[in-house]
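There are structures below to look over.
Each of the two complexes below includes chain A, the first together with chain B, the second together with chain C.
Our next item is the complex of A and B:
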């Protein structure tokens, strides 16, 4: 976090956004039932109660990804983060949670902190996570066993680190899209949205 | 000292008591009152004695106490010595204890370390345990699934058993019906027997009747026979004749046979030729098909050629009609390039014109800006002037007021002058007057100043007006300039401008269209972006290699493989069990049941038993076969030895007999078993030589054994004679 409460630096912004992703991914996994609810524990953050996983494998995976993401956010080379939910039986992509990240690259040159309080940013983040929780009401039920994957859209000139590899965009065939709220730290702007496979049942 | 005091009191008390306890004696003594002094002395002496005794007693007691004290001191010393000893012992023990304590602490620490290690191990074990539990759960699920499958299989087996039972019941019913029918059959046979008996009786009667008839008819038969023999002889004669004629025909027939054989071989060759020709025909047909196809293709090609020709013609026509020298695509492209170059040149012209227009517009804009500036300046000046005028007006008002005041003051002074005597207040009045005059002077000065200011302001306004006028003039000149410039421009390129304007309008329209398209495309792009599309030139997508999806997929794959393996294994098991079950099926139902029960289980003991039984039965079968083989061989040799004929079955219902005494290996007789069990001799090379015997034994006597034995005897006699 930044030393002063009034302003925000690039580093602090990257950490805030990475923290948001950590909590956001956890709550999506909980809400969509990708992992059983008993493997989650309740914590209080952003003045609201959130679910965090206790599954050790998932935990290590998320910490790995979020740490790398923080680095990229600090370098302003990340464009999108996508959480893809895939059906294991048919290998079909059922849901895509997309977070578009707009980086203000001028913040890399000038280290002067921006004038936006952490409290207002956290308020914005809270409303985004609330909306994620509320999406369960209209998203179709996931009836088959599913797994998730995290895709990171980065700049082309980026060097691929160890343990990472290139992937396809995993686009859903015939999807419905819903835009969600966005928040900005005045350095990183995060637009969130969810796309899901259209069901023919209606 | 206190103690002694107490003792004195005690002794006095004792003495007093003793004195009181022996009152009688003093009474008696009191009788002789003279003796009272004696008594007194006695008493004192006694008291002294008592005191001495007590003193001695005290001394002894003191000595005793002293001794006791010494003893106490000694014991005390000893005790202290002992205590010191004990203390040193304790100290030593304490050191030991401390050492031991440290050792124990060390051990405790080690134990704690071990405990932590063990706890780590424990946690690991717990994790492993959890994993195993999960796998156990999955295995249990699989087991359950298999159980359900087993149950369904059992159910099907039960249903099959039920069916078998029903079928058995049906069989029993049919058996019973068969037995009933047998009974009926027996009854019918009994009836038949009765009928037969009756029939025999009747036939006996008939025979007696026939005997009479036969005696009568014998004669007739004899006559007839004689007649028949005669006829036969005649027939034989005729036959002999015909045979002779046929014998004469034989060489002709043989010739014909040869001819036919030749023809036959010729036909065979022709057949082979025919097949060859057929193949050739087949080949030719294929070729024909191919040629037809190629023909079709050719037609198509021709059609296409026609089309292309037409196209070419059209192009040439176009070239001719346009008057351009277009003969080849190169010409066309050259023309196109030419046109494009022209277009480019025109475009350039357009650009230069538009840039000129733009520069003119820019100049106009600058001029208008200047104009507005000037206007604002004039406005400011006007405002200033108005302010100055207002100031002038105020000052005039003030001047008026001051003159009025001055007039008032003068009137007052005059009234004062008139009212009052001039001598009394003259100094005062003159003073006042002077003051008033001073004020007047001042006001007048002020007035003059004000007027000066006013004139200055008016002068300023005048200068400003002049400036305004000059500026306006400038503006006008500029406007004129602009107009002239535009006029000049328009006069030069009015047409061009109109063209350009049209072009600009066209371009504007196109721009709008393109903008709309752009908007549409942007919307599409947005939608694609929403769906997760990306620009592969700028962006790359990365994901963690060991992501949960990949892990889950891998697990699934492994699971599937394991299941497939299990399925193949189980299939093999089922197959083996079914083979075993097919054998056990013939034995009884319970066995089949057990075999189907053990579908998924390793082969049970029962199955093994059944297999053993099967093997033993097969072995028995084999042995029986061998025995049969042996017996048949024996039987055959015995037949051969006893009858002198070797009997072979060549084909179905045909028996070949070869005699022991046959002159050649090929000499054999062929019998065919006709319908009704009668045997017929077939013609062979050997049988042809036995015409007489055949005629005698088979045609007349109708006895095959006699024929055979005749042949045997004949052959035997031939051999022995040689």
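Our next item is the complex of A and C:
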């Protein structure tokens, strides 16, 4: 990729962020047990070992989503990506992983690369994924079989591609929200957050 | 919340996961070492326990225990969680109105999970009729069986729950279905493997034999737990106190008999008459306060333990010594064998288990009722000792005083208005 260059371009940034989402979503699905752990395989990326799904259907789905996402990231029209975990039986939303994306739209005009080395960006991404893994310390146990859904918030005037449909925000009422780390490629900034059902404690 | 607030991430290994998750605010509070605030809250709960005079005392306990879980993410002794659970379970065991109260059942399940033999507690609960109409009870019980690899009994527990029409019915059905799915997947994946999975999960020793004791000393070596069911505690050594003769040390080896175990399974679910909740066995490193003035140092036996360990064999190579270096003169060194206390075992002391305490409590109550009690405390002993920590009289007095003050100031305000 662009690892030999010092700076980062819009295209490279879109690719990096899309890659982060691919790994991030895979990690969440693995950590939260949405898919059985034996359908994942271990890969090394960002100098850490990560789990990637081997389920063919899920794989194609994620590849499609990430490809679409990359396009939107390149056009700077995406605002948010939300991963919603719902109970399979009751359709109740149990967890909501939200990634806010701030695009620097000036990068579309000037093609000059920004000064930020890929290594620093990847370090930042790594700490975000580490934190995603660490959230199991306070997240409630998902006791029932769960499904997941991806929501993407884009600018209004965008056309909805095939196989995508409009949906509501799927907010959890009475939720506990925890901000996670963020990272920036200096063109795209991604803020992460997880929301889960509040505990019934005092 | 500031983004830089990564306290929880730094101590993630020390946070025990909770089934219901944790409130991030109390996690922050607990991890930022705000001991004062935590102590204040605990004190408030403790005094509320004592001063409460409404008709739902369980409510205070419930909130107190939930607060404890959230505020002591590392668990541990200072959280007093096990003490609190034990107290609340014993306190309300006679209260019929709480027996199928989801909160009380939940607390009992938590108590069971904190014990080394949860199954005993569940059987006790069933015998007492605690939680028999609650789906949560059957789910916890079945999960315990499942953890020990006993799918058959887990299934039987669910059937029992369905027969008793435990509520919520949907939840029970859903968990039952999930169990069946897991079992069938398990069978499918293990179809080629040998049937060693079906063996009763007992504590296994690495050597398959219990350690012998030698001479008069009854040294209890720790059971080295290797089996997958380390939670199921068989307790001590089976050959304890028995003169060790040849094969008897192999008594831990149990031969599995499938037909026999199935027969045992049916009788397992039958209600038994339990006098008191089963104990949770004494934990390691937890010694009750006891008298020390009469304790004698254990005397050394003539043989066995005074033997010095063999000296390490001399190295086969010549260690390099610098030429200029003069060899230090060897001082004759003789270790007095009497000082060698390595590997002397602690004598097993009489355990003071919660069960014993509870039975004592039972007995005392009966004596009070029959009027032949010899002791009578003329002070409010119950109030002082009812929480997890002991109160002193002054604290109780202060509590009452503040209450009175608050009431009076309210009155004054009412008159002024």
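We take it that the second predicted complex is superposed on the first by the 197 of 202 C-alpha atoms of A that agree within 3 Å, B and C clash if a C-alpha of one lies under 4 Å from a C-alpha of the other, contacts with A are read in each partner's own complex, and residues count from 1 in each chain.
Just so it is clear, a contact is a pair of C-beta atoms (placed from the backbone, for glycine too) under 8 Å apart; a residue touches a chain by one contact, two chains touch by 3 or more.
These figures come from a predicted structure and were not determined experimentally.
Asks: Report for A:52: first if it touches chain B alone, second if chain C alone, otherwise both or neither.
Replies: Touch partners of A:52: none, neither chain B nor chain C.
Asks: Thinking of the overlay built on chain A, is A:131 touched by chain B (first), by chain C (second), by both, or by neither?
Replies: second
Asks: Have a look at where A:196 lands relative to chain B and chain C in the superposition and call it first, second, both or neither.
Replies: Second partner only.
Asks: Touching A:142 in the superposition: chain B (first), chain C (second), both, neither?
Replies: Touch status of A:142: no partner.
Asks: Go through chain A and flag every residue that touches chain B in one model and chain C in the other.
Replies: In the superposed arrangement, which is not itself an observed complex, chain A uses residues 145, 177, 179 for both chain B and chain C.
Asks: Help me check something: in the complex, which residues belonging to chain C touch chain A?
Replies: Listed in rising order, the residues are 1, 3, 5-6, 8-9, 12, 15, 17-24, 26-27, 63, 66-67, 69-70, 73, 174-175, 178.
Asks: Which positions of chain A touch chain B when the two form their complex?
Replies: Residues of chain A touching chain B: 57-58, 61, 64-65, 79-80, 82, 84, 86, 88, 91, 96, 98, 100, 145, 147-156, 158, 160, 163-172, 175, 177, 179, 193, 195.
Asks: Help me check something: in the complex, which residues belonging to chain A touch chain C?
Replies: 89, 130-131, 134, 136-141, 143-145, 176-179, 181-182, 196-202
Asks: Can you list the residues on chain B that touch chain A in the complex?
Replies: Interface residues on the chain B side: 527, 529-534, 537-553, 556.
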